[in-house]
Amino acid sequence: MNGGTSFGRIFSVLGLVMLALLVLPVLGLALRAPWTSLAHDIVEPSVLRALGLSLAVSSGAAAFACLFGFPLAWILARGRFRGRHLLRAFVLLPMVFPPVVGGVALFTVFGRRGILGPVLEGLGIDLAFTPAGAVLAAAFIASPFFILSAEAGLASADRRLEGAASTLGASEGMIFRKVTLPALWPSLSAGLALTWARALGEFGATIMFAGNLPGRTQTVPLAVYEMFQEGDDGGAILLSLVLLIVSLAVLLGFRRRAFGR
Amino acid sequence: MDLLFCANPPQPFYHPAGHPAKGGPKDALDAWKGVNPIAPAGARRSFGTGLDSVSDRSRRPRRPARRGGSDISRASAVRGLALLLSGFAVCACGVDGGRAEGSRNEIDLFCASSLREALQDAAGRFAERPEGPSVRLQSAGSQVLVTQILEGAPADLLVTADSVQMARVVDAGLVERPVPIAGGSLVIVVRLDLEEPITSAEDLTRSGLRIILGGPSVPVGRYARESLRRLGLLEGVEANVVSNEMNVHLVLGKILLGEADAGIVYRSDLTAHVAGRVHPVDFPEDAQPSITYWAALLKGAAPAAEAFLTHLRTPEEKAHLMARGFRPPRRAETR
Amino acid sequence: MSLQVDVRLSVGSFRLEAAFEVPAVAAAVLGPNGAGKSTLVALLAGLALPSEGTVRLKGELLDDPSSGLHVPARKRSVGVMFQDHLLFPALSARDNAAFGLRADGTSAREARAKAEELLRRFGLGHCLDRKPRDLSGGESARVALARAIIRKPDLLLLDEPLAALDVESRASARRLIAEVLSDFGGVALLVTHEPVEALSLCDRMLILEEGRVTHEGPPDAIRRRPRSRYAASLAGLNLVKGRVARLGDRCLVEGAWGRLIVADPVSPDGSPVADGAPVLATIHPRGIALSLDRPDGSPRNVLPGVVLSVDLYGDRARLDLGTSPPLTVEIAGETLTSLGLREGMNVWATVKATEIEVYGV
């Protein structure tokens, strides 16, 4: 290679290695995929159902993370109480859990024999082996991404702007809507995108807690694994690529809207 | 092969790279061995001479160096990427589904989950012999093991829980003639604290029950559905199925956790460890499918593996298997 | 309409004790850094609570910790122009200015129309839709000012409004603020550390030093009779604190720094100031003569010292002398060169008794 400082050279070699690791697997999949049967395979009901279910489950998990995770992030960022660090450690736990173990843990709480089992049964709510269970499993594993991102955004927000808004007569709600939230949007959207993507790929907790039933709880990762086990690796690769493309499209579109660029 | 009671038609010849086999097993075998029909044309040319083609590239006249441009010129970046890609193509072509040469005294055993404990014991007894070959045991659902072997995982001996999975490796020409080593039977397991007890297979169709079965491609799932179909109960039970598990241990595990009401597993899974914690319900005998465990030596396996297989078929070992709830293999045609 | 403040507030090791009253005029709050000016602004805006005391605006009690009363910021009729402007980054200039009206419940259309009118008056018609990050310093200051006054508050607080601007924008911004202040009907407090701003924009001055109000009143009074070193430096005067002493027919002011012969000081009512009474004495920098040798002659104050620094201002020069007390002297540039004065040289400073103004503490 000619030209450039040695720093530049070292960095580009190392960066190229990383890029290769990221790009080559996708390339490998694309090369092995039986593209000729794509049109036929993709309209198969089980494939469409798995796709639809995956998108619904990850969106549900992301929404859950947003609704319940944002207040927690607020508490973490703005609370002034002892044990805040312990609380943050708990938030990190699902990232450390092996997902399958997470699934078993969910059983011990939300299963029929779980801590909340009787309560849920009394309310007529079924979580294990249901799509709602798949959402819960994905939310459990993926929420920390959103919470930590939101917390970072909240912690670095300029509180003086909120003071300025209140001198102008704004209520707490108005301050939150017009001052706090817009400033937070970059970190929130990044966290949301990450959570959604992680939920989309969730396997272990889902297969343990929600089970594997086509049309009800078989998300794309489960379907891909099953296809591969059956020897239909062509179909498995195709489905993986379809999911990849769909999620890329969603993420790109989302970030474009989020940043108005 | 024992095709008499296969619930689904046998899998078509294994499709490497997802392409339908052009003809018979030979084409499939050729495809498997690495003459990959969809490898990029350039890569085939560079097979075995991959590095040469790269150095050819470097002999082409260079573009004149840019004055004061970016630190890393575009030309060098493109060259670096090309280097990596052609290296990758070389590897893609050169893959051989062969195994690493293991030591002579170690056997790699790939074994269906339902036989795991039984074969672990057998391996223990085998290892006490004077030559003391050790057995490395990997277990998973049969369909997973076969897929791994087809992808090139090193194995000396394969034991599957049905003929369908064994057929896949036979068609790929990877094994010697399979032999049956044991038979099995199904049993319904019910969780202990179920209010309304289940006493027969018909009870499984009761509405509101949560049933779990192995998936349709998992041997135990296939067998279970076969039995239910024979009893005319398949549709009724399918309505209650909440999950298709990837292997029989997951089925049993969730029953033990109390999260599912009932499932169908092998009788041999009711070990002493489990026995008191679930309530077993028998299938009628004439509804039992013909469950046969097949064992086959991979081609090129170590001789010790053959010795182990012989050991498994001795009457003493068979007695051990019976004691665990297995049955003698039904007399069947072998391929 | 007036602002009545009598508060004490402790923040960490800093203690603010301010008691003053300002009618409906523009008053400047001057002080060195760390004096507590921003704390005072926060307190008056309702963003900080006093520990003790009261704040009254237009006769209405805003803060009274003893009875637990604290009118929150959003319920006060106060407009603040912050030092860093603090415009809302997600809103356009127009929406920033309209913010206060929208908070009051005005419809979006009406609020934006009023904001637009105000911003046009401020010369910002060309950047109504721009976001704060696309505004220049001067433009952003004007938006901040518009935002602060659009609700016609009773109290206007301007916290170092020109600090973030460069020299050119500062002049035009100052003119705008002067215009706004002259039209403004309520109490306006302009916090600054620039005496020029204070003098050109305000009729009254408050000087805040180390959390206390040391001066309150018209600028001239403060300039003639400063009561603290800071005020004296604002006025450009030398200041000493001491006690009256009479020695024979001479009158002296004595302190730890030495003694000065002064003309007999007289109290406001005409009676002579008593012996030992504490007094302040100021000397104008131009009232000091410099010489290289010790002068002799009629009774005058003769102080030796080293030249600590020399600063040139056009054709005049200011020198800081290490005399006791330390003095700042202003001489003509020619004198500087003719005497050949440089840093480190020893000089003699002479002050006539009549050049020293003495007044009670």
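So that you can tell them apart, the chains are marked A, B and C in the order they are listed, and the count of residues begins at 1 in each.
One rule holds for everything that comes next: a residue touches a chain if its C-beta (ideal position, glycine included) is under 8 Å from a C-beta of that chain, and two chains touch if they have at least 3 such contacts.
Every value quoted in this text rests on a predicted model; they were computed, and no experiment measured them.
Most remote chain with respect to subunit B, judged by CA-atom centres, is C. Each chain gets a centre from its C-alpha atoms; the one nearest the centre of all protein C-alpha atoms is A.
Between the interfaces A-C and A-B, more contacting C-beta pairs are found at A-B.
Mean C-alpha position of subunit B lies 85 Å from that of subunit C. We define each chain's centre as the mean of its Cα atoms; on that basis subunit A and subunit C are separated by 56 Å. Taking each chain's centre as the mean of its C-alpha atoms, subunit A lies 31 Å from subunit B. Partner subunit A is touched in their complex by these residues of subunit B: 11, 14-15, 17-19, 38-40, 62, 65-66, 69-73, 75-77, 79-81, 84, 88, 92, 141, 143-144, 146-147, 150, 168, 210, 212, 215, 217-218, 241-246, 250, 257-260.
Touching subunit C in their complex are the following residues of subunit A: 158, 160-161, 163-171, 174, 178-179, 182-183, 185. Subunit A makes touch with subunit B in their complex at residues 1-5, 8-9, 12-13, 16, 20, 24, 27-28, 31-34, 37, 104, 107, 111-113, 128-130, 207-208, 210-214, 216-218, 225-226, 228-235, 237-238. Interface residues of subunit C facing subunit A in the complex, by the touch rule stated above, are 42, 45-47, 72-76, 78-80, 82, 84, 86, 88-91, 99-100, 102-104, 147, 151.
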